[in-house]
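Okay, so chain A shows up in both of these, paired with chain B first and chain C after.
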Partner chain A sequence: MYEIRFHGRGGQGGRMAAEALALAAFLEGKYAVSFPFFGAERRGAPVRAFTRIDDKKIRIKTQIYEPDYVVVLDETLIETEDVLEGLKPDGMVIINTQKKPEEVKLSRSVRCATIDATTIALETIGRAITNTAILGAISRATGKIGIDAIEKAIIEKFGARLGKEAGEKNAIAARKAYEKTIVGIAKAGKKFEGKKQWLPTVDELPLGGSIGTLQTEAGLVGIGSFSENKTGGWRVFMPVVDEQRCTGCKICWFYCPEGAIKMVDNKAKINYDYCKGCGICENECPFKAIEMKREVRI
Partner chain B sequence: MDKYERGERMNLKNLPDDEYFTPGHTACPGCAAPIIVRNMMKILGKDTVIYTPANCLLVFGGTYPYIAWKVPYFHEAFENTGSSISGAARALKKQGKKVTVVGIAGDGGTYDIGIQALSGAAERNEDVIYVCYDNEAYMNTGIQRSGSTPYGAETTTTPAGKKILGKLRHKKDMAEIMRAHDIPYVATASISHIADFLKKVEKMKNIEGFRYFHVLSPCPTGWRYDPSKTVEIARKAVDSGMWTLYEAEYGEITNIYKPKKKIPVEEYIRGQGRFRHMTPEMIEELQRWVDRKWERLYGEKP
Partner chain C sequence: MNLKARKMVATGDHAAAYGALLANVDVVAAYPITPQTLIVEDFATFVDDGITDAEFIMVESEHSAMSACIGAAAAGSRTFTATSSQGLALMHEMLPIASGLHLPIVMPVVNRTVAAPIGIWCEYNDIMPQRDSGWIIGFIEDNQEVLDMVLMGYKIAEHHDVLLPFMFGLDAFILSHTVEPVEAPSSDEVMKFLPSYKPIASLDPDKPMAIGTFTPPEYIQEERYQTDKCMRNAKRIIKNVTKEFADVFGRNYHGLIEEYKTDDADVILITLGTVTGTARDVVDELRGRGIKAGLVKLRFFRPFPVEEVRMLIERENIKAIGVYDRSVSYGVGGPLYIEVKNSLYGYDLPIINFLAGIGGRDVVKGDVEKMYKILQDVKDGKTRKDIVWINTRGVKE
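Take a look at the complex of A and B:
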């Protein structure tokens, strides 16, 4: 049996990828199970999905804690959590990034495959949804599942949901990724501090009252504390303001769902710590002063 | 002469910089709900208490131990927003505090589950503001149909399949139900019309009694469109007549916005994945509903 854990963001299709991989294994005559894990989170928030594949019936139903392979659909996730947690010593990590495996820095040195799935998805499907491209990379990097089965599974699974044409485009994305995947060894050296939690006792909380804003060992809690949650990692495209064209009309400032636009000297200034890259500002700017550009993360 | 007549009312230029709903919340990119609450709170100000039942805003505005609100914020059960805000407003009044009590519910918490508490509070004319941000389905639990879901829209409980093609019934007109309660203020708004939106929020802040504020809140995840089109779709909803902007005081419509050029409903539904399966006959049926609503509200044929 081998186990695969997917790390993605809500809406990127981690769950669909895990399910399509299970279907591909099934098409090859294997047994497979797949399920997602997420909390009360929206699109863009970190989520996990799991796939187990075996030659015989699978009885184990738990989440995957010691995977053989880890798949990362969004490279910003390797900055915020240790994706290698529990990965077997001879395991492998497959990351969607523009970097080469040797340029990727993780918590330890590990076999690593990289693929620029976002570019492939944008070119082939027209949207930055990378779940099908990454499946091609999994096929190449692991060598455990044939690309033909992957393609068939994608056409069946995605075709049923999005229409035949979209299913075929997604299969092409997987094939392209299969051809472009690079396998190597990632560098060690990234440090992760264990995330502290704020777990007050009953005595520390005012019964039926408000705690206001508190500085705790887990960071800020209470009213207004969400400002510590930097959502900038969610975006694929970033808005760039052309100050020559900006007239300070405040329309983008009104429309930014994140409140990430501030008016400074009558010009729009974007706070990239929070911008999720929705693109409303570009779409609504009457003077075409904002342009969404593909973000290159180094 | 009041300050509205002097033209001193709130507009985009003098809208304060203060944020009472902080960035860092976890709404989907392109969500309209934070646009609504952020800008509404700029006018309502810090002396405000917020109540929300279960809805997306509850989750992305506060996940333990984090909260995006900078004002007191309470979570109550799904069905009792109306009664919770009634109690809070009366308690605060007894304490002699001048505080605006606001309940913010989604369409599920307003149209279906919360309607009895809401109707009771409105009938008693409690001194509160009730805001319904209407994204036309139960988005928080994964897109199930609500009383607000329009005809033909696909949700997980009204799928476009072999037996049915999306929802079979039309959208319930909640603002009209609230208008029938003979309350001081009922307003419908859309983020696409900024001046109108701000004017209505400022006006309702200064009215005493029950105020009902209903805002259309396009949802990129549930309506299945590109997140950058949120405001564009809100605008098309108004221009097509799918959504009508008006104010009513004590049951009488005192101000109604009429689109300069009415666009066919087909133009509104194009680009929204939830309507993609609609047949020409279904689009005609939706258009007939829009025309009926238009005639009722404007008193003339479109």
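Take a look at the complex of A and C:
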């Protein structure tokens, strides 16, 4: 049995990729299981999905903690979390990036395959949705699953959802990625602070979990603790305010679901630490004073 | 409807919807709730695509969903719905009406924790409080069993010696949102196994009839006895239908319980739900290390397999029994533990309750291994425990 963990952002299709991989393995006569991380998913938030593949029936129903392969759909994630967490020592990471494996820096040196899935997706499908191109890279990098089965699974799964033509285009994207995947070794050296989680004992946990705000060794817990979770990193498009047009009507301030807009000198000011880039403010502004712009991160 | 036999890679929710499609249900009335929503969404798609001519009724709550199902079933329709957690709690008032009127409705319940605190993950505190509702209650190990259970469910529930509604629990996310291979038989094969529903009486404008009317004490006690008898009959019918299913479709679910490597086991663990699959792997590994571990998968909580559990104990090889529960009856222990103890009244054998996976916490192999380790220690007289909270911070195991 081998296990694969997908890292992506909500809306990038990591779950669909994980399920399509399971379908491809099934089409090759194997037994395969796939599931998303059992959590609250939101567009833009870091999310995970999983696939287990074996020659015989898989009975185990636990989550996956020590994968054989890690797949990263969104390059920005390797900066914010240790994607190698739990990866088996001889495991491999497959990353959507323009870099060569040797140029990728991770928490340790590890077998690494890279593919510029975003460019392939833009050229082939016309959208920066990389969840099918990455499947071609998985086929090439792991050698465990044939590209023909990957193509068939994509046509079946994505075709059912998006139509025959779109399914075929996605299959072509996978084939192109298969041909362009580079396999090598990533270098070590990236440091991550160990992820901390507040795990109180029965006696430490306030009755019924009723807490105001609590300072714990893992940071703030309870009311207001979300201030420590800077969700600005989820953004793909950022709202930009044209102060000339802003009349200070506060409609954007009222509608912002994150409370990320403040009125300063009667003008809307966006707090980019928390703005998730949902675009509601742009939609609601009656004076067209807010525009969503493609964000460029360095 | 002419559906060919096919193999698919499907979620548990899809398997449930596809089961209802194959069962050729007439009416579905449902209200969405995570993680059940995919079931009714998928079924609504079947209706929209014209694959089935079933009536899909949108309602304003789970209470109304069950009310509509009761009306449809009373009119002689094969009726289906699905729910979860708070939705099942809201439905609670209508459940004994379905059983009291002997309406064989089939309902998957995606087991999800009931608030407070609010959560969306797996726990059995939604389905266990329905214990005395007069519904048959089953549990599921994998997605294939979800589809198969819908088909067997109608066959059992509609049997004229039973005529009771049928719910079964499938674990939130662990099955509901997980895809795995599922074999679906053709609609022709299903039609042979499960012909149309033949009610003993149904509402008909041409032959007016009153059901569930105001009833004084002169009659209700007898009606309760009837329902009790139906539930007892269900044990026999479940065994027969499971066997017939195995003969037709080749998948044997062994009736009310399934034993796994119990023949020479000195300790056994009784499980329900998806933990069973993980426990199978653990038993194999323990056997590889020379430990005589056995497993019993409980498939039905109502009717409860009292005789089957007793027969296990009659075998002299078993020295200790563990009972896994995914919910707790506060101050007493897990509901399955209570039932097993009740079944084994008069037998002098240690029965240990393991509470794990509450609120959807993952039950990993190590947790199950721990259960078997404790059972070994109990067998060897090193320790004697009643209720063990596995993997609970600050609580000694």
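As a working rule, the second predicted complex is superposed on the first by the 192 of 298 C-alpha atoms of A that agree within 3 Å, B and C clash if a C-alpha of one lies under 4 Å from a C-alpha of the other, contacts with A are read in each partner's own complex, and residues count from 1 in each chain.
Methods note: a contact is a pair of C-beta atoms (placed from the backbone, for glycine too) under 8 Å apart; a residue touches a chain by one contact, two chains touch by 3 or more.
Just so you know, these numbers come straight off a predicted model, no measurement behind them.
K.L.:
Which partner does A:T80 reach: the first (chain B), the second (chain C), both, or neither?
P.N.:
A:T80 contacts neither chain B nor chain C.
K.L.:
Chain A residues in contact: does chain B have more, or chain C?
P.N.:
B
K.L.:
In the overlay, answer first, second, both or neither for which of chain B and chain C A:T247 touches.
P.N.:
neither
K.L.:
Could you tell me if A:Q63 is touching chain B, chain C, both of them or neither one (first, second, both, neither)?
P.N.:
The second partner, chain C, only.
K.L.:
Identify the partner contact of A:A32: answer first if only chain B is touched, second if only chain C is, both if each is, neither if none is.
P.N.:
second
K.L.:
Determine, under the contact definition given at the top, whether A:V202 touches first (chain B), second (chain C), both, or neither.
P.N.:
second
K.L.:
Touching A:E19, do we find chain B (first), chain C (second), both, or neither?
P.N.:
second
K.L.:
Now for A:S109: first (chain B), second (chain C), both, or neither, which partner does it touch?
P.N.:
So A:S109 meets neither chain B nor chain C here.
K.L.:
Quick one: classify A:E258 as touching chain B (first), chain C (second), both or neither.
P.N.:
Only chain B is touched by A:E258; chain C is not.
K.L.:
Of the residues on chain A, which ones does chain B touch that chain C also touches?
P.N.:
40
K.L.:
Taking the complex as given, what residues does chain A use to touch chain B?
P.N.:
Residues in contact with chain B: 10-11, 40-45, 198, 210, 216, 218, 220-231, 234-235, 249-251, 254-260, 262-263, 271, 273-274, 276-280, 282-284, 292.
K.L.:
Spell out the part of chain B that touches chain A in their complex, as residue ranges.
P.N.:
Against chain A, chain B makes touches at 12-13, 15, 17, 19, 21-35, 38-39, 56, 59-63, 65-73, 191, 194, 220-221, 226-232.
K.L.:
Report the residues of chain A in contact with chain C in the complex, numbered from low to high.
P.N.:
19, 22-23, 26, 31-36, 38, 40, 58-63, 65, 199-204, 208-209
K.L.:
Within the complex, which stretch of chain C touches chain A?
P.N.:
The touching residues are 7, 9, 116-117, 120-121, 142, 171-174, 177-181, 274-275, 277-278, 280-281, 360, 362-365, 392-395.
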